[in-house]
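First up is the structure itself, then whatever we jot down about it.
Labels A, B, C, D and E are assigned to the chains in the order they are written; within every chain, residues are numbered from 1.
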């Protein structure tokens, strides 16, 4: 277990004229035992960042340190890390046991100890009865657990996860999320978890790194990121349905953007007139899609509020203590 | 456009001793222009039901009628239906235009009219600029729209959808859902939509058929299904997190099951003592997982309520007007 | 024990004969072991051996049919003249003991015998007496001229015979032997014996007439084409074809396998051609000794040759296979044994061969002869199938043959 | 299939039966011929019902007691030669191809694309087109009449390398990455992961190469000059000489059947793998 | 195409490539260059005299009507073999794909010819069609059809095509069957809902989707017809009657090994190599493209 530092890390693919910079100087200090989630849209450089930590990609400039060691020049195997891949990358021809034991075998760990460690990991992950199976004989969730087991047995300094849940269905995803949390509580290994799913990010992270096109837009706890998004990008990326970002609504100064989350809008109050376009029922609550002037707007209302139908015009007010202001030019938070 | 009836439909796979009955007598009357969603867990027979309507599977017993015609003995081509497959089943060697035109060409529709109809459908689906592309040159969402386009141009009596959204990512899924609704409003074609995702079912359906192991557990509007689930199965299947079903909580008579949705539980009221196990933060609200006696319990609380942490013991009360009672033996709704 | 490789092309009865010879020789002494290997048909084994020679892997003894003689002779340093081998081995070797028509063919202008005449044959005429009887033909008097052959064939056909007449080795029997038999040139320069600049002559009116005649027979179903090389021979043994022109070396096979009475006769001729019948040309094969082997091995080769040229072995071979007795002594021995009397017709080959020869009938020895044979086959097939007129085909043989002769001349000029 | 109509099903069976009858007829005929005596076979037409001389014929063929035209060498020995050469070709090709495909796919090195093309140009150039010079090379190396000469020149082609390359390209990158994280070097990865994963491709190639090796004709025809190095296919050809009537067709056909047995076994036993291996890797 | 991750090592790739490179250098490039050289030379049969003749061998080759004829023969033969080989096996595969019961038996019997050597296949077919003792020619005779491939070049061509197609059908069949089975079932269902009946469906959906397989097989079959059928021709017709079945490889072999015209044969080898290289490149391009998408 170790701390992890990014010091102005830059990544370019290709050389010379064809070089394509995809990470533009990321710096971050991650404490020992922390669980960090890197979130951002597809192509923003999450995997690249992670793979640089793993040693699968070279760092173009800057430094990555694990504990006190700068690891830029080390082989993946020397970095004392473990990684869980999106598609799990289990060795299809090896049994679950062999998959988990492979790294230890190569490291020439004595057979007895391999057995103990694999068994222990299998117990934690409830894989005990599956040890003899081949990956193709496992369900998606079980495979995912094997991939985790393979990482665990190594007892690494740092865990890396590259969207490990995206191949699971919704139910399993939720459940696995809980398991990962539990595991982290038990083992306390510094973890870097990549996802493009903000729900996953919010529920798992101790701190979140929000990436946007190779730049780290925000680095903070889920609460901070949700409550005080640093940029419009973060504001619209985190939260579902996303924060309403209004440029022309009554009361918004030119050059500024007003952000307000759907749940902070109340129906039937003294506020903007909103033309209801349609209503979506989500079990306990409703999403009301409407239009104020030229701008789209979403309101999240629970059962206790009135239920308008498409075509209605309703009055909507925003909770004043929940307004976010952004600079329209830079997208940065103003207040 | 036509009504659709299932009359005691039974489906067996295999013959004789090896026969395996998977649909156990489904009866339902679907009105003309209705949008019906069939929902249920994997393997419950949703696809089978749909495929029997399409004519891709034989009906073992009972009748299926489209309009006034019993279609049991008709070839798929003769049933005047259109179907959207989960993997879209686009012809990879044909352009988008050709994909949509294929059925019309076979039906010997004049070339001019084919063009008009395809163009119209393309316009509705915003595919106009993609008509010359091959499916592999399209994104997932675009492919999905082509699949719909292929169904639309046929102007069939009935639309069949077999989990058409499950290959899309969350954002696209939500968006396509809206498009399908819009389409149905515009075209008014009787539709049968299969999904295992209850959110999808709730947002799309005019009426929902909840299937459970080959049996139709409930057939009603989303509101009915949510507010008055007919069985414990429906109760636990619809709604996320699912309804708490308690057998031994204080006040529950033996032989009965008490159902109560997480959002109908309130913190800090005068009620059960609940041991909090952990708390999940979902943007605007919290899910509090806990235990009352031996039973698991979930509470959904919004920001306005207090925020307990794991290990706390809190008091929880249920809204008395929102209690559901089921017979523990049959699982059927008692009151 | 010194092993001596011997590649041959003898099949069936003749194949057994070759194996028996080797066995007898191997049993007769302890020092050498002859290993006979069947290397495919004459042309196959010849080309295989040439390839093997180029690869430094040639056998000691190689059986080459007469067609390959010019090629073998022209090869510089690939072969060692048999005369030389025998001399070096100190073996007594007297070329004059051989029948001159045979020895002459394999002898270099300087009088050196180049190869060992092992199984010399000539073209003869076989007929099925049972079939003749069934067709009401005289079983004891074979048709002697081509018109008689046609007539006989017609009768056979009328009697329901599906294949009255066929011929094996069509180039050899119907063009080469035919030329000598009628004393017309096959090629210039004494049919090539006198120099490499020989050119083809087989589009003469007589040749055209003969091929036309055969072609008409083919059209009427009197002559049925049965394939190249010795392939058609099978159809005679099986009784399918009633008459065949082929090698005298086919005799052993007929004698062993024919389930009917048969007769041997001289080749037919055209009675109006002056000088016909003359004599037939030599066929069959001789044994060549390849260069680059150890002296001890050559000694063994010489021993073997000595063994197979003893009159006893020779005569037995002659009786068994129908190949010519190549020494006068063997011929006399056979005659004395009464074999010819008991088996009428078996002397036909010998008598055909030992007539007085002319420049046009001494033999045929051309360069690239193997390919010329092949193109004779190709062109004649076109005639039999009616795709080419006889004259056209023969002209084409001459033209294409001349090109091959030219090429050979060029490649071997120095 | 969608249609329930039985007519189509019946038609399908009908087509299959006709197809099978036609395709299998030559083989059946060969079998029938091998169960008759040579004389019975010559009876035009030969009886189409198996005769009673099966055992004799096969014994004669296997141990060389035939007395007919052409070669009468024992087939047992030829089968052995065929088997050895087919196996050497198969394993040799698979082994060197695995290695070179691995190099081509998983390494970056100078002149890589040159090597690549040098190898793949041999992909479809069969020995036949360079038969003469190859023969000379082999004889210069003194490899005529040896198993080496019979096999190595046939190994010199890229079919297998190509197939493995195609397969390797489909192996997910993550697997290499996982192996690297686990501390595996290139060769370790090759043995522990790549080779086991290539099982189906290897099996498919085994079938193809075995058949290819076993069925060689032109090359052994040249490269062997001694009868005890004849593979069985050459043996059959050697048995046929001088016209239909002279051949012992029963023995020839018995030999044909014998010559077919090992490759047929390989094909039948491995047919599932064979197709899978080829299709999975896109040929 | 490249892997994202590659191993780094200076010597290892060379060590791995060495066996293959050595083998192809010695047994491929050396002979091939040898062939190139010989194509510019004229040699006597025993190789004792060699003369450089420049392009004369090629000139002679293309002046030779026989060679041009052989080209035509090869073209005809390849087209026939590829066409019948592919269409018949496709037919069988399509129906095999429909059959559920007994499929295994059919399949096994259909793939047997794959195990038969071309040379042996030719022997089997010659045996059936032999004018004097063949069972089939006998049967044909009963119907008044006189079969004679010794003289009738149509018959001869038919015979070698039959034998070649028969031999190749199994291989094609296996690929087509696999190809058909890898077409998603839902596409067929979609087409049937679109109203297409089996025949139409086959031509508009299955057949186009099989085109990669078909193309692959086309190349393979052409190469097969060009080269692997040597044994069939040699054993069945030896190029006859006339030269009507003398395909190019047969001629290479014949001229080089029977006629001992090494220069001419080498020149033909060079021409054949050029043809095959073109075919290889086409095939390669295609495969590469396909793997990419």
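Basically, a residue touches a chain if its C-beta (ideal position, glycine included) is under 8 Å from a C-beta of that chain, and two chains touch if they have at least 3 such contacts.
Note that the structure is a prediction, hence the values are computed from the model and not measured.
Traced through touching neighbours, the fewest hops from chain B to chain E number 1. Here C-E and A-D are compared, and the pair linked by more C-beta contacts is C-E. Chain centre most remote from that of chain A: C (centre = mean of CA atoms).
When chain centres are defined as mean Cα coordinates, C lies farthest from chain B.
Chain B and chain D have Cα centroids separated by 54 Å. A separation of 92 Å divides the Cα centre of chain A from that of chain C. Across the assembly, chain C contributes residues 48, 51, 54, 226-227, 234-235, 238, 240 that each touch 2 or more other chains. Within chain D, the positions touching two or more other chains are listed as 2-3, 42, 136, 138, 177, 180, 222, 244-245. In chain B, the residues touching two or more other chains are 55-56, 75-76. Chain C makes touch with chain D in their complex at residues 7, 11-12, 15-16, 37-41, 48, 51-52, 54-57, 59, 226-227, 229-235, 237-238, 240, 253, 257.
In the complex of the two chains, the chain A residues touching chain B come out as 170, 178, 181, 197, 199, 202-203, 222-223, 226, 238-240, 261, 263, 278, 280-284, 300, 302. Residues 172, 174-175, 177-184, 188, 192-193, 196-197, 199 of chain D touch chain A in their complex.
Note for the complex: chain E touches chain D at residues 1-10, 12-14, 16-17, 19-21, 23-24, 26-32, 34-35, 38, 88, 91-92, 95-96, 98-99, 102, 106-121, 123-125, 127-128, 130, 132-135, 138-139, 166, 169-170, 174-175, 177-179, 182, 188-189, 192, 198, 212, 216, 223, 227-228, 230-231, 234-235, 249, 252-253, 256-257, 262, 265-266, 269, 272-273, 276-277, 279-280, 283-284, 287, 290-291. Within the complex formed with chain E, the residues of chain B that make contact are 54-56, 75-77, 81-83, 85-87, 89, 91-93, 102-103, 106-107, 136, 150, 154.
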